[in-house]
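Structure incoming, see below.
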Amino acid sequence: AYSSTKEESTGRPVGRYPVPNKKDMPYDIVELMEEVEMKTGFLPNVFKAMSHRPAEFRAFFAYYNAIMNKDTGRLSKADKELIIVATSVVNRCPYCVVAHGALHRIYSKQPALADQVIVNWKLADLSDRDLAMLEFALAVCRADNITEEHFQKLERHGFDREDAWDIGMISAFFAMSNRIAHYVDLRPNKEFYTMGRTP
Amino acid sequence: AYSSTKEESTGRPVGRYPVPNKKDMPYDIVELMEEVEMKTGFLPNVFKAMSHRPAEFRAFFAYYNAIMNKDTGRLSKADKELIIVATSVVNRCPYCVVAHGALHRIYSKQPALADQVIVNWKLADLSDRDLAMLEFALAVCRADNITEEHFQKLERHGFDREDAWDIGMISAFFAMSNRIAHYVDLRPNKEFYTMGRTP
Amino acid sequence: AYSSTKEESTGRPVGRYPVPNKKDMPYDIVELMEEVEMKTGFLPNVFKAMSHRPAEFRAFFAYYNAIMNKDTGRLSKADKELIIVATSVVNRCPYCVVAHGALHRIYSKQPALADQVIVNWKLADLSDRDLAMLEFALAVCRADNITEEHFQKLERHGFDREDAWDIGMISAFFAMSNRIAHYVDLRPNKEFYTMGRTP
Amino acid sequence: AYSSTKEESTGRPVGRYPVPNKKDMPYDIVELMEEVEMKTGFLPNVFKAMSHRPAEFRAFFAYYNAIMNKDTGRLSKADKELIIVATSVVNRCPYCVVAHGALHRIYSKQPALADQVIVNWKLADLSDRDLAMLEFALAVCRADNITEEHFQKLERHGFDREDAWDIGMISAFFAMSNRIAHYVDLRPNKEFYTMGRTP
Amino acid sequence: AYSSTKEESTGRPVGRYPVPNKKDMPYDIVELMEEVEMKTGFLPNVFKAMSHRPAEFRAFFAYYNAIMNKDTGRLSKADKELIIVATSVVNRCPYCVVAHGALHRIYSKQPALADQVIVNWKLADLSDRDLAMLEFALAVCRADNITEEHFQKLERHGFDREDAWDIGMISAFFAMSNRIAHYVDLRPNKEFYTMGRTP
Amino acid sequence: AYSSTKEESTGRPVGRYPVPNKKDMPYDIVELMEEVEMKTGFLPNVFKAMSHRPAEFRAFFAYYNAIMNKDTGRLSKADKELIIVATSVVNRCPYCVVAHGALHRIYSKQPALADQVIVNWKLADLSDRDLAMLEFALAVCRADNITEEHFQKLERHGFDREDAWDIGMISAFFAMSNRIAHYVDLRPNKEFYTMGRTP
């Protein structure tokens, strides 16, 4: 039957598409899910929702891994989460804003910053470097024409062209993720709302 | 030296980032490029541009392959290209509009239709089914909230929820691609402008 | 000297205008501040910022009191805070979103709801009644023409014309407050970020 | 019965909410109305409309009085009316544009200027000082982030930070008034259309 | 010398381009100007401004005449002026709004109506027929796609397809005129502001 | 009977209004049509559609002729077509974009340029002069206020004030034409899609 799957703890659906039973999932997907669940303490709903399409699950998380877990470049883990929060707000994506807001709090140890960026990034307590980083990410998010001036502005804050690619790629990847989340009606796990709020 | 690479035939740069020499590329990337070049008659610039980042090249084309070459669902090759053209126009992406407009002409054998969709999709010579498909794709493209009404409207034109996922995923993937194309300054190969214009 | 006043606990300015020393303030203003501080546990920055102009301080809080503390009508304290959060997000007002988000958590005992409304009110876990209430509040917030259809829609969810006035007036009053907060550069007290997050 | 009250002279309703009979109004409200009527020659509809809620009537006009009739600062009576006209046009508020356009004509003795500002303030016959004043007022009206550059631009035209507060507060107060006028459906008295047109 | 020409009575320039001396103008243009001046009592600035280009002067006024002075169809003179006012407001064109607002007052004998339409056409004291007429005119003004529904809505208010053409053509012609007025910086004669205000 | 007229070759309607039979048309209109058909090889649909209104047909093409075929000024035939393409895209006008894109290809002998401008004029292979020309044309197209800075920017690229008028007038005339095309539902002749694509 075509019905969406509910989160065990809340009875709320994970999203609009059915999630297969673990025993019907390909082994590599189960393995990745168990690894993530172990590390995070719970399984973020995006894994459940994407498991509806195993080939796309693999492509999505391989891509995510290639850009979020690469260890070159000047972007810290907190920087990457900040980019995701700021751009996902533009697309009003509940899952991405709430989940990556939580991850930002954990990586940055600045529990109020994501909340500030969600309301008004230009008025948040950010360094000039971080403002420049978000300005570039948001230009990519809006699909603006990206000109040499954009790159030069980043350079003035210490980001070279490889960093620009990293910022742009994260913004572009979440332009995709936010839209998937919308048609899947992906909702954040309740754990994300409170994670990292207290030191 | 940090300089962009030019297209051999025109002397115009492929994009903003340097493209490695073939001999410095990983073997699997060269192999994929040669296969594509053989099939298409030339190597589309997106392959050159993405080869700047081999891990992301692999992730990008694996994802592309998973959604564009899957053989389930009701979307024809021409349908998929039409979705790409209609959504890439919103993001004013020269590469995606021109390249996928060419592919649409070839697959659909309707040489004027992509040009019509580029100017004004609602006034193009499209069936109600195709209008409904583009309406959904464009709602995802704009990151609108996607509601049950959206799915019901698709169903009235013969698209089930799996087709909706396919339409949504292509729109979402090209939301990403359009934005990558912007920061990479990816330009279409000159061949695309004339492909498929005459029967 | 013309310099802004810092929050004692953080060294961050309260806003852009100087705040007088308590001893230079009119007695009625000091009295109100002490009453609020006693009740809340700290003095919300809006009181400090507005004390720069005693006559406007009195007018502002008299008006606030007339609409927020009236005891007729169907709007609960949580309803009123929800209206403020939803409309202040449109104006990207850090103080009002953060402070009234905190008050909403406290009055509603639903710690995640304000966060959901901040990202995307239409996708938040709200009843149809609450959606109708916010729809009217947001139409007023955007200075839309308000028609009989707006009132009829409210009536279908149990709100009569007096309730409509209450919703509209709160939305209108915070249209003013959000704009004052912008030119005053009013920032939320740090206490608001965490208030009411845990039951 | 719940029906709106008509203007005596035209039979047109004053607004959407009933206006109490004078004999049922609190004495202070009657007194203020009579004073205004004596001075203006007729009773502006905003007084009638707000009398539906005596507590809010008092708060509204006390606030109005505190900002419009203060006698410090560099804003003339005509300046204040110009700010109201320019910002109320943005919110398409018939009452505020027509009534305060009339007051501007009377105070400024420039009978065409308000009409020009209503169509296109940037092309109106305004001094650079007045353009700077309206630019700030309109930034507040749009709920833009207000930065140091905004204040510096005002300073170059002779407005200090206290004047900036005055401009901002009038813009903010009418952001509220315009929205109240919309849900109350407040219409201008017919007298306003012709007041001050001839010297 | 390349300088703009001033209005005799005010010393204000008519627009940005020089106006030839009467003795250097082609005879047919002088003749038309004298006829208009006789009828109106003064020469509207649009005639002066367009005389800078005699061939375009002739084409412009021939077109104007063909659509404004045709004597078939259901549009009264007042209807046509109302369409011009409502659409020229969208383009914030000082000349067209002020001049045709004056003409509307004269033809309609309703001195307040144009002022109402300038602020907010949907709240003006208009019949349903007039609202339908303006709705169509504004759809053309915004270059919306015009569908069968648009024509059907007009038909329900007694306008057939020939009337629709008339409404659309006036809206389209003033889409041109407003833009010419912008680059010419055409300003209204001072007489227009007061014409037709008193019966 | 009130029915639209179909293109002979395709059976598709020319537009929404009936086209008279040649024998019922005034002689001067037939003459002009035959001249155009001889020169172009087919009769562009705009001639057929406008013949529904002979007086407006004459005014429209006289105006068109006065601005498109004048032989003074710095605008080449290709420049004029480029302006039409770039501005008609903003109004999403199928006829004007497709027909004038074809004419641009023919006059410019650059078969890809119009296609580039249609997608994203700022990223097209244009000279700085051409970018400045389009920037002015698009400011007029959007009905922006046109200031001295606009003229000075044109001057820096060799365009004097008379050229500015020419650019502005073409943009303004097609602001009208695009809107007529919308309510007439004017569709391009099929010949335009392929004209000038191959050298």
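So that you can tell them apart, the chains are marked A, B, C, D, E and F in the order they are listed, and the count of residues begins at 1 in each.
The rule we apply is simple: a residue touches a chain if its C-beta (ideal position, glycine included) is under 8 Å from a C-beta of that chain, and two chains touch if they have at least 3 such contacts.
Nothing here was measured: the structure is a model prediction, and the numbers come from that model.
A.B. asks: Under the document's definition of touching, what chains do subunit B and subunit C have as common neighbours?
C.D. replies: A, E
A.B. asks: Quick one: point me to the chain whose Cα centre is farthest from that of subunit B.
C.D. replies: The chain farthest from subunit B, judged by C-alpha centres, is D.
A.B. asks: Give the label of the chain whose average Cα location is farthest from that of subunit E.
C.D. replies: Result for the farthest chain: A.
A.B. asks: So which of B-E, B-C or D-E is the twin of A-C, meaning more than half of its contact pairs are the same residue numbers?
C.D. replies: Selected pair, repeating A-C: D-E.
A.B. asks: Go ahead and note the Å separation of the Cα centroids belonging to subunit B and subunit F.
C.D. replies: Roughly 30 Å separates the two chain centres.
A.B. asks: Roughly how far is subunit A from subunit E, going centre to centre by Cα mean, in whole Å?
C.D. replies: 53
A.B. asks: Where the CA atoms of subunit E average out and where those of subunit F average out, how many Å apart are those spots?
C.D. replies: Each chain's C-alpha centroid was found; their separation is 24 Å.
A.B. asks: Subunit F: which residues touch two or more other chains?
C.D. replies: Subunit F, residues with two or more chain partners: 92-93, 120, 123, 145, 185.
A.B. asks: Mind listing each pair of touching chains for me?
C.D. replies: A-B, A-C, A-D, A-F, B-C, B-E, B-F, C-D, C-E, D-E, D-F, E-F
A.B. asks: Which stretch or stretches of subunit E touch subunit F in the complex?
C.D. replies: Per the touch definition, subunit E meets subunit F at residues 2, 16-17, 52-53, 55-56, 58-60, 62-63, 66-67, 70, 90-93, 140-141, 143-146, 150, 161, 164-165, 168-169, 171-173, 175-180, 182-185.
A.B. asks: Considering the complex alone, what residue numbers of subunit C touch subunit B?
C.D. replies: Touch list, subunit C to subunit B: 120, 122-123.
A.B. asks: If we count contacts the way the header does, which residues on subunit C are in touch with subunit E in the complex?
C.D. replies: Interface residues on the subunit C side: 145.
A.B. asks: Can you list the subunit D residues touching subunit E in their complex?
C.D. replies: Per the stated touch rule, the residues are 12, 89, 92-94, 97-98, 111-112, 115-116, 118-120, 123-125, 185, 190, 193-194, 197-198.
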